[in-house]
């Protein structure tokens, strides 16, 4: 059961209204790493968790993230207080209102559709989606996801701090950024309190494939480091030789029933292509008198493209 | 530049067609933890990465995930080979086709719309969205996100292995599952090869808040563990006393210009509510002769609800 | 600031596990009229609201909806407790697990991806989106939207009650359904506490158009009622005569600058179609020997379609 | 069956081209409260409606909304007529075209992707989604949703009128705004023509819970009004005492079969956390020499955050 | 199996950084006609294709599109190289950083959330969705879809070329644009290599309806051309006379079982509307003293709307 | 301006109710190739079109597609007429209602959320999105997109015909399928009435790249056909030799300002990875006593995976 107190967890003192900054801050309200995403991530995990310690921790942090959602939303509401009133009272000339709607970011939608209320969108106006929540019901995965999510949120707060010079906002964002650090620490402790947490799940890996590094991107820039080199790793460089990694022929097959096979044959016949012909096509019909136009002449304003006549393969 | 060889990285041998199983396997094709998500996550990071070692690793693994996308898609194509032909040739009676479309999972859409081709949806038919990709352009975040993503993918493969008894599919999924373990190890090595990787970003936290644990969920079930207890942690239990955590009053304020304040006042007056009255409402109008119906009588088939008359607060 | 107590607002007693029912109940967890939508709707309105009475009410109800989200999520977690353990421990034979995943609804994704944890999707597995939240920052709109949302949620709970025979679930859903009734009453009172609440906003309508009913759907079935007939309404039946409703010619025009007009002319010339010719097309090329096939012969299994030769217009 | 006449329902006279204004007007074309949403809302309800009067009304208004979609789309097409031609003919220098694309709003995508054609997106470029349509197949819900939707649309039109100084656009928007008022009136009449329309659906509420107000948000700012006070309401203030509202213990339980219970136990053991240890974590490894950095020193440009050393809890 | 070489398919030489241009170029990275959409469209078709020639072609072009995705992403990464470093190092004053984030397009989100890394969104920040991929598993459809997709991508590249004056970018975009032309030609050849490719699928059309043109939009502007006139076409102008096109009455009917019919009757009775009354409504309650306000007086800043008193229908 | 007549364009006679079939038919109501997508595609093109002939044709066909939307929706409403009444009246025992909700497809959501009303979702319950509409404001693209869309819709109708044995539904679907053929013909005629329609847009391609075929997918299965072989084509097989296709080095570069370069250097230093070390990682910490578990022993039910010990690379 949730309860609420109208005091914020941290006092919000905004220096002056600024709808464009408000629309940037929405990134942490209704964005991918925002506070709703955080709260819902931990809350849904907490509901399904059976370990009493982890359940308590998840509900503690979920609840705190809701309080952070409230802080970010309150900053947004303050920054938009001017535009909201002016828009609904038509208190400015149309041209001035129009200009203030187009002050930057996606503040136009923020003003027009939400009247400056904190909206559950990111800074581009994309509505929040539960696709951001990656709870999977396996604590050794979920805690890793939480660790990553906290580190992302920390960095987004840092970027917001770097673009703001309002001291009250900077201070509140600094508080929120620091709490993400603390939460990451808690999740780390919880992960490593599970004795055997790697790999996640119950099934072990299959021996030869778990320590193999496949060097699929080659050419200049090939590099080595502890992620692909050293005692642990068997590194595969000669892809064409070694693939497939099993003893098969690298094709995909399925056993079809007799009926399935017969039907498949019919489809194949109906749709077979004639590799030998050179059919006239719709593009041939449509190239018309301009058919010769791929010569590169007459490129209009794009003359620098024509210069690509330097192409090696000509 | 990408190149392709028609051999798969691992041979696919499917025992018999099964559209419903195919639709479950889409989870790892076009789902949140599927191979497209993995490939795109590492590929977009690799393009923006400047560190030569990490760039190479990200491109290596991105490319391998594309090969895994191909393996999963090939299994799906094999499992659907029967339904595809039968549907397009109308080779079965309508009722039989209808039944085989409704065999389970979301195989109906898989068959009807995609004709059994591997579709970039999850196992519920939800189209893949780039909202699954959480690259943030800061390696100490992104590597943590990658570690978490690999552990999630590992577990989904394990669950799919657990519901399949086709040995060829089990074997291919086992290969794919193991590769996720190997990838997680590489990302771990890369993360810890950055000397100072915690907290992510450049700004440190603010001292008192980084080691504070706020016990927001209380009551029976409160627990302690290394995530909230011990030398490191200052734990806050008396929320109402301590909040807000700064020296303010816990409200949100903004300085309005004189014009903004005047306009805000006008809006407030126009929209003020009368707390004293008891207005007739639309619901009052609509309750009609049934206004007395909240007595709980006549609950139709829901008589057990009425028994909730045992509610404490009556 | 939010706080949490581990006791639920209403006790949840589930009779036996049932993943398919769980996936239906998700409609009220992460669906369009579910509890997250309700909580976020009122919370975002509350943050931006200046009227003290409405702000308090919105925060009260938002907070209660979070407690309802917890109740629904807890029921889902209980219903899925069996599948979660069996899937992660591989405790059943593969074929049995496969069958229990395909028990109905979208329980397959629920199990496979979320391991039975309550997921923020609707009953079809569609992730929750903030597009469901229609707060507009104008109380006379928002309260109407809230009234409508509560009435929708009430009805979805009723439908869920009608398909469940587990008394514990029925009782909890009955509680939740009733709370939606109470919330609707509160929002109605708040709406009518604003003296002048219709039409929403500040601008009045333009006289002739506010009482006009345009009878655009005609033919058999045309009906009348208080919504289009009576003293208030001017009803327009002779559309072709009366349109446009202003004194213009019903076209759309814009004044172009000389440059714009000249450029527009060039585009028009480049892309003009020749209305007189009868060009050979791609379809003509492709119709091939089957060009005569629209005779309706050889319809295969679709012979009843051919019978549509009874079409009037032949 | 639909028919179309090329005359608009209201003449559109645009003063001059303006792509940025066009992108704002998309809010009522492909936005949440736009005309497509309105038309589809009423059309889908009309198709399923059995009451002849309501069916006729829904089809009348749905059809009129399509005509409004045409009006809004025509204004957008006119406002974009310049950019469309210039972009496709490359009639301006690149830098000038680039500037006119970035004139404000989301006009860049509007121009680049849609060439100034009216696109079914909102003013932020978010594609229209049927998630905006909240028809539920129960007239007493649906009519309330329609009433709310009309009041929202009215207000968005009012905001657009307030930011436009083109008299032709203002006039057309005024017409559209007024029609929303008329539609709201029709839906109100239709709702109250159903004798017993509250609560929606068939099941009554459960007596004690339908008149109860739960004061979940407390502290300074607690207020009272007809929505929580008066004869009708029983108000719950002492949450911790009274919860849960039934006679249970406020926990969630389920009866597991013997097999389920045994398996659940195994999972719990495998994943149990050790509450007593203090494990070394990934963050511990990563804090490196900067481990002491949470002292708040060296905050770079964020020195004002450091000043948050004033935090009460130190 | 995919392999990668770190050389690009075409060299990228960017003149100077420009985040706003980068955000426009995302249209071809993560937009509807972008390179990921192209690659996934052909790759999913290729996996399911049985015809060896088409399968090879689809995999060839899919793989090349991945190389194009890499080129576009590399241009974006170069254009953003400045903002990325400045944002993460906080190397500029806050106000300057804020300004450079708001340089145009949706560069604010691009910088804030993705730190200038190429993100899989379109130019408005909308995440890529598999809803863009329209593969249907029938080659005569899919090849037509591919032809259309290539022609769209060609045009978007042309528009981007027209707004860029950086010669290196122009050249690379010219290369990419031209490759779309080549790909369209290949798909055209493949389509017409299937002998009987129109209409798609196996079923022929029903004779009278396949050559009928229904003139549903009438009035001034009615036109004729080879698409509706000539020997092939039977054109229907007198809609009201001819409809429905079959010999029925144009209604929708279903045979209900006795139980279904009885239940349907009950619902109808419960929800029937009273067409004769004139009920008081919520809007009537809310119109309050302002009920007379639709007279058009007192329109505030919207006086030009009042002038719409010229409405014909008054 | 749109008008409506309550007669359908084609009479709908449904034999008996069937919610699962209804949910499949939604594919053509709110699915990617459904009638709303078709109507909106042509309508948005028509609004922006300046050529009078094409404008008329687009509005004609758009309007007819709305009539088809009505037909499909009417079939769905008929098929669901039983479930709607039973659900809202609770006319069956709970268990029976539950069973009929889970009859197949996504009929559960269809019933629960939409009460059997036709919903704007596809057959998996995914809400319609304007991302399906690919109008680009260039007729030579848009007509190609329309041709493709019609061929896709034709095929989906064919598949639905193949799974239905209700003659009334089969007949109506046959009508709709045939109209898609007619529409495709019209769009083909309109495309080829533009003299010079290939390539789309105004810019020609750059000579060497427009006739080049890049053989990126090699190995067994390499094939040739008119799409890559013959007089027209220059085919590139030796990718590693020839790439990049210009005279550069295949890298991506940008000229940074001095400040940008300096800041970029700082970031690089802060985040550089140490390629030589072998750091202890979180995974190392977590592998615990199970570190040896990748030996493949103890694979539980997945013993067939262990058999993959046959992997070649061991």
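Each chain gets a letter, A, B, C, D, E and F, in the order it is written, and its residues are counted from 1.
Keep this in mind: a contact is a pair of C-beta atoms (placed from the backbone, for glycine too) under 8 Å apart; a residue touches a chain by one contact, two chains touch by 3 or more.
Quick caveat, the model's predicted, so the values are computed rather than measured.
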Those chains that touch chain F and also touch chain E are A, B, C, D
Maximum distance between Cα centroids and chain B occurs for chain E
Greatest Cα-centre separation from chain A belongs to chain C
Chain A to chain B, mean C-alpha position gap in Å, rounds to 11
Chain A to chain D, mean C-alpha position gap in Å, rounds to 21
Shared-interface residues of chain E (touching two or more other chains) are 1-9, 32-33, 53, 56, 59-60, 62-64, 67, 74, 77, 84, 88-90, 93-94, 106, 113, 115, 121, 124-127, 129, 131, 136, 138, 140, 147, 156, 161-162, 171, 174-175, 178, 181, 184-185, 189-196, 198-199, 201-203, 205-206, 209-212, 216-217, 221-226, 239, 243-247, 250, 264, 267, 270, 273-275, 277-283, 285, 294, 300-302, 305, 308, 311
The chain A residues in contact with chain D across the complex are 1-7, 50-51, 53-54, 87-88, 90, 93-95, 97-98, 101-102, 106, 108-109, 111-113, 115, 121, 124-127, 139-140, 147, 161-162, 167, 170-171, 173-175, 178, 181, 184-185, 188-196, 202, 300-302
Chain B contacts chain D in the complex at 140, 191-192, 194-199, 202-212, 223-226, 230, 234, 236, 242, 244-247, 273-279, 282-283, 285-290, 293-296, 298-300, 302, 305-306, 308-314
The answer for chain A against chain C in the complex is residues 1-9, 30, 36, 40, 43-45, 47-48, 56, 59-60, 62-64, 66-67, 69-70, 73-74, 76-77, 80, 84, 88-90, 113-121, 127-131, 133, 135-138, 201-203, 279-282, 285
The answer for chain E against chain D in the complex is residues 20-21, 23-24, 27, 31-33, 90, 93-94, 104-106, 122-126, 156, 159-160, 162-165, 216-222, 239, 243-244, 250, 264, 267-268, 270-275, 277-284, 294, 301-302, 304-305, 307-308, 311
Seen from chain C, its contact residues with chain D in the complex are 5-17, 32-33, 52-53, 55-57, 59-64, 67, 74-75, 77-79, 81-82, 84-86, 88-89, 91, 129, 131-132, 134, 136, 138, 140-141, 144-145, 147-149, 151-152, 154-156, 158, 161, 171, 174-175, 177-182, 184-187, 189-190, 193, 198-203, 205-206, 209-217, 221-228, 232, 239-240, 243-257, 259-260, 263-264, 266-267, 270
